Amino acid sequence: MQRAVLLWQCPDQPGIIARLSGLLFEHTGNILSSDQYTSDPEKGRFFIRIEFVFDEDRYTREHLETALADAAQELEAEWGLHYAGRVLRLAIAVSRYDHCLVDLLYRVRSGEMRVDVPLVVSNHESARQLVESHGIPFHYVPVTAESRAAQEARLLTLLRDASDFLVLARYMQVLTDGFLRSYGKDVINIHHSFLPSFKGADPYRQAYDRGVKIIGATAHFATTDLDEGPIIEQVVGPVSHKDSVDDLRQKGRELERTALANAIRAYIEHRVIRYRNKTIILG
Amino acid sequence: MQRAVLLWQCPDQPGIIARLSGLLFEHTGNILSSDQYTSDPEKGRFFIRIEFVFDEDRYTREHLETALADAAQELEAEWGLHYAGRVLRLAIAVSRYDHCLVDLLYRVRSGEMRVDVPLVVSNHESARQLVESHGIPFHYVPVTAESRAAQEARLLTLLRDASDFLVLARYMQVLTDGFLRSYGKDVINIHHSFLPSFKGADPYRQAYDRGVKIIGATAHFATTDLDEGPIIEQVVGPVSHKDSVDDLRQKGRELERTALANAIRAYIEHRVIRYRNKTIILG
Amino acid sequence: MQRAVLLWQCPDQPGIIARLSGLLFEHTGNILSSDQYTSDPEKGRFFIRIEFVFDEDRYTREHLETALADAAQELEAEWGLHYAGRVLRLAIAVSRYDHCLVDLLYRVRSGEMRVDVPLVVSNHESARQLVESHGIPFHYVPVTAESRAAQEARLLTLLRDASDFLVLARYMQVLTDGFLRSYGKDVINIHHSFLPSFKGADPYRQAYDRGVKIIGATAHFATTDLDEGPIIEQVVGPVSHKDSVDDLRQKGRELERTALANAIRAYIEHRVIRYRNKTIILG
Amino acid sequence: MQRAVLLWQCPDQPGIIARLSGLLFEHTGNILSSDQYTSDPEKGRFFIRIEFVFDEDRYTREHLETALADAAQELEAEWGLHYAGRVLRLAIAVSRYDHCLVDLLYRVRSGEMRVDVPLVVSNHESARQLVESHGIPFHYVPVTAESRAAQEARLLTLLRDASDFLVLARYMQVLTDGFLRSYGKDVINIHHSFLPSFKGADPYRQAYDRGVKIIGATAHFATTDLDEGPIIEQVVGPVSHKDSVDDLRQKGRELERTALANAIRAYIEHRVIRYRNKTIILG
């Protein structure tokens, strides 16, 4: 039995679940879990995640995909079918702060996060030893104001075919609109504040100056609007007047790595649907 | 268009969702949200909550219920169909601590919690004025060791027909097995600890003596096994060495009222399925 | 024995604690708890809260206060001495949303929050019955664009002598600089967002539009800089794509009343020191 | 200027703070922060943590320590004076689960946790490579029912002189009373449940069977009463009916490493005082 996840969104209308569940049933599918949501104010957009098993000996993947494609065309759906066993390839970009990188590599190696890491890129050399000790290729791609275009071209060459998605694990360089379009796959960023508070540079300094009592971290899809992409996960923790800016940075590192790991886990379990500037996280 | 919620559980087998969603579609139903879960280790039990609208002008409730009853018999299902507009009747039992009662009455009056409160019973007179100021009948039903049987008989007379479920909002009397069976409807209790820690009497004293750093409150279905019924909701909060037993009680009151309100809200939105000694909370 | 709390701040220098604790000891004081903090980057500002008992039969309050005043002059301190038994008078301003008001009145009546409420003012009539049922005078002070000056004058007359501090419990009118100066006492506001996110109008709508995964509430001292006053307390809770704007408002009400109650409790226990645009919360 | 922390506890009486702060002032001390607490119901036990700087050129450590020892004898105090710059030596014991170990080693190497790790002991070989890659000696000390005495003797030889405290980072062997007495220093354990819930073996299985909605982890001092030692830190997180026992284990790992790291951080910053079966955590 093959296990798979169907992620599907389309304009709402009666009978979609009957249609999809009937289609799966006809192809030997048994639904293990399904979570469905119809947005209200946004004029009826239908979202569903269905996890199911089916018997590949009786119907091939092609049979199933063809049937789904037909339904999708009719219902004007965007969809993806993700087979268990196919492990996503996660490329990581990092700058000097390596706490998220260390955390991700540990989760991958310990088997907790089922993902392949084909390469790590950085504009600093500092993480090379750590990355290579995990048997993962490390690419140093420095960047200056003048070299940005060349650097992004190099990144594209490295990443485009080798990865299914890219995580900016405290990568402190802005990626251009051109890069995001050319890469064409999802890019997840960790921002070190509770967005939309403290956009931009040095958010812990901003949080310190404002005297907040709680700080946070936000994992979101990177878009050309810096710090404005759809939010996937936010994590917060308490702080006090005793905390210096450096204390906030240290406490924040915990939040960052947790938020980023949660977001990646949801993503690779195919629980995240993007719609406009938001995410739907399905159970 | 009539809105309704279907709660359904049965032994798992392929095609249940197709069957149910097809059945609803045939009866003009449009699914607004559905959340489904199949338990794994417990040998495939299927649980689903479906929120939908249907056109009562084309099919009556009886049509729909007959079709569901047929499917339920075939699939050995337990199920309930809950029409929007039908407001549940919540009876409240309370003893001396009235913080949960006050909170519930405010939520009901402000319209936040859509429920009718036909009566409040208590083994103390102290809450009478508060309850009656909301226009709700208050029944003083005292209890002593000798009068327990008579008291429970009186409670049954008051509650059985007048209420759809009963909430023990810090009601400090144990209800007997006989009462629970005779009442025959759900009873939700708030226990003032993070179960299974600190069962029994004076849990805040126990928590103080143990020196825990976090306390909690637990809303659960009352069963004949005291403090052992299926847990619906738990809420926790931090404490420190500075907190006296009374400080714990005060902080605990916040947790109790939040846990109880969350549990009741989930219950009246028909999100809670009991199965064995656990609950499934569906989205 | 008289119990009291000393709140004290001054430029840092060696020996302050020795000086203050020696002074208290000489006046029969026994310290029950003390919490001290010296800010670092802001060039050594010293803050302390000391809770102590002393024997009024041997030294009068005047003796003690004179000694403290002498030390304060020498050390350039701002300070306050708060005797247990003296209950602060809390005036409440409210508009249409009454959840914080209801919560505060319950806490006061149940004895959990030791404070007197001499009056409630509102620009709406809707809370009159609730307030008067607690035996508290209710003043309806409507406001229009033209009548603002007259209205603030009326508020000043009502509040200045009758209250020790003012809480804006979802009071949706901006108080002018002139009012705050003339009132001359602390004003605590509850803002229905996790500041500095979503300043200004309808923060839950803003939160919904941004698609955040966590919402919050912020209790802060009201200053002439709207939503920019020193933060006393922040409380947050999770939300999801399923939550409508109204769901956020409902969830937010829980956070608001908790944040506001926590802030008031800290304030009346004399745990809050303002310094520049921040608060120091001492244990 | 030398920075130091004084931790002190003694029976309460008037004037202790005046005495200690006067003593420090006489020895050129300037107090940076102090946090004091007097227990109430337990008949007046006085606890204080004072962080201060003093001028070693004018008074030596011996001067200061002699003065403190004199005061301690008089006031029947237990106390410790901890000089900044002296880094504690943390020995780690681990079994098969290495997530806490990995987390601790990263925090140490990144400079976030200022501690030396002179050695790691384990009853499994599996962590050898990881530990040695950090340049830390790894000792494999297997244990069977028969060899327990010999194994504990070996552990004692390895640990007693080489370490200032021992952390059981998911070390799944019970240490005997004899070992704890002979080692004579603090031992911190991480228990993978929200104590006192789910003592003993396989707490995640117990939590799953009970159907709790929140799980936790508890860092506590190890004593001869298994799972009953003074609690230093507890961390909790939400779970649902969807979580299998393995999901609970994975979510629990996050909580365990956070709780353990927080406890160790508090310990090495000299914020933790043990008193009877509880801890006082001072700011």
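The letters A, B, C and D name the chains in turn, as written, and every chain counts its residues from 1.
One rule holds in what follows: a residue touches a chain if its C-beta (ideal position, glycine included) is under 8 Å from a C-beta of that chain, and two chains touch if they have at least 3 such contacts.
Treat the numbers as computed from the prediction; the structure is a model and nothing was measured.
Trainee: Quick check: superposing chain B onto chain D on C-alpha atoms, how many degrees is the rotation, to the nearest 5?
Mentor: 180
Trainee: Among the chains, which is located farthest from chain B on the basis of C-alpha centroids?
Mentor: Greatest centre separation from chain B goes to chain D.
Trainee: Where the centres are mean C-alpha positions, what is the separation of chain A from chain C, in Å?
Mentor: 42
Trainee: Starting from the mean Cα coordinates of chain A and chain D, work out the distance between those two points in Å.
Mentor: Distance between chain centres, rounded to whole Å: 37 Å.
Trainee: Residues of chain D that touch two or more other chains: which are they?
Mentor: Touching at least two other chains: 33, 37, 242, 283.
Trainee: Using the touch definition up top, name the residues of chain C that touch chain B in the complex.
Mentor: 33, 98-99, 102, 106, 110, 112, 133, 242, 250, 253-254, 258, 283
Trainee: Can you tell me which positions in chain D touch chain B when the two form their complex?
Mentor: So the residues of chain D in touch with chain B come to 37, 39-41, 194-198, 210-214, 216, 230-234, 236, 240-242, 244-245, 277-281.
Trainee: Provide the residue numbers of chain C that touch chain D in the complex, in ascending order.
Mentor: 12-18, 21-22, 24-25, 28-38, 283
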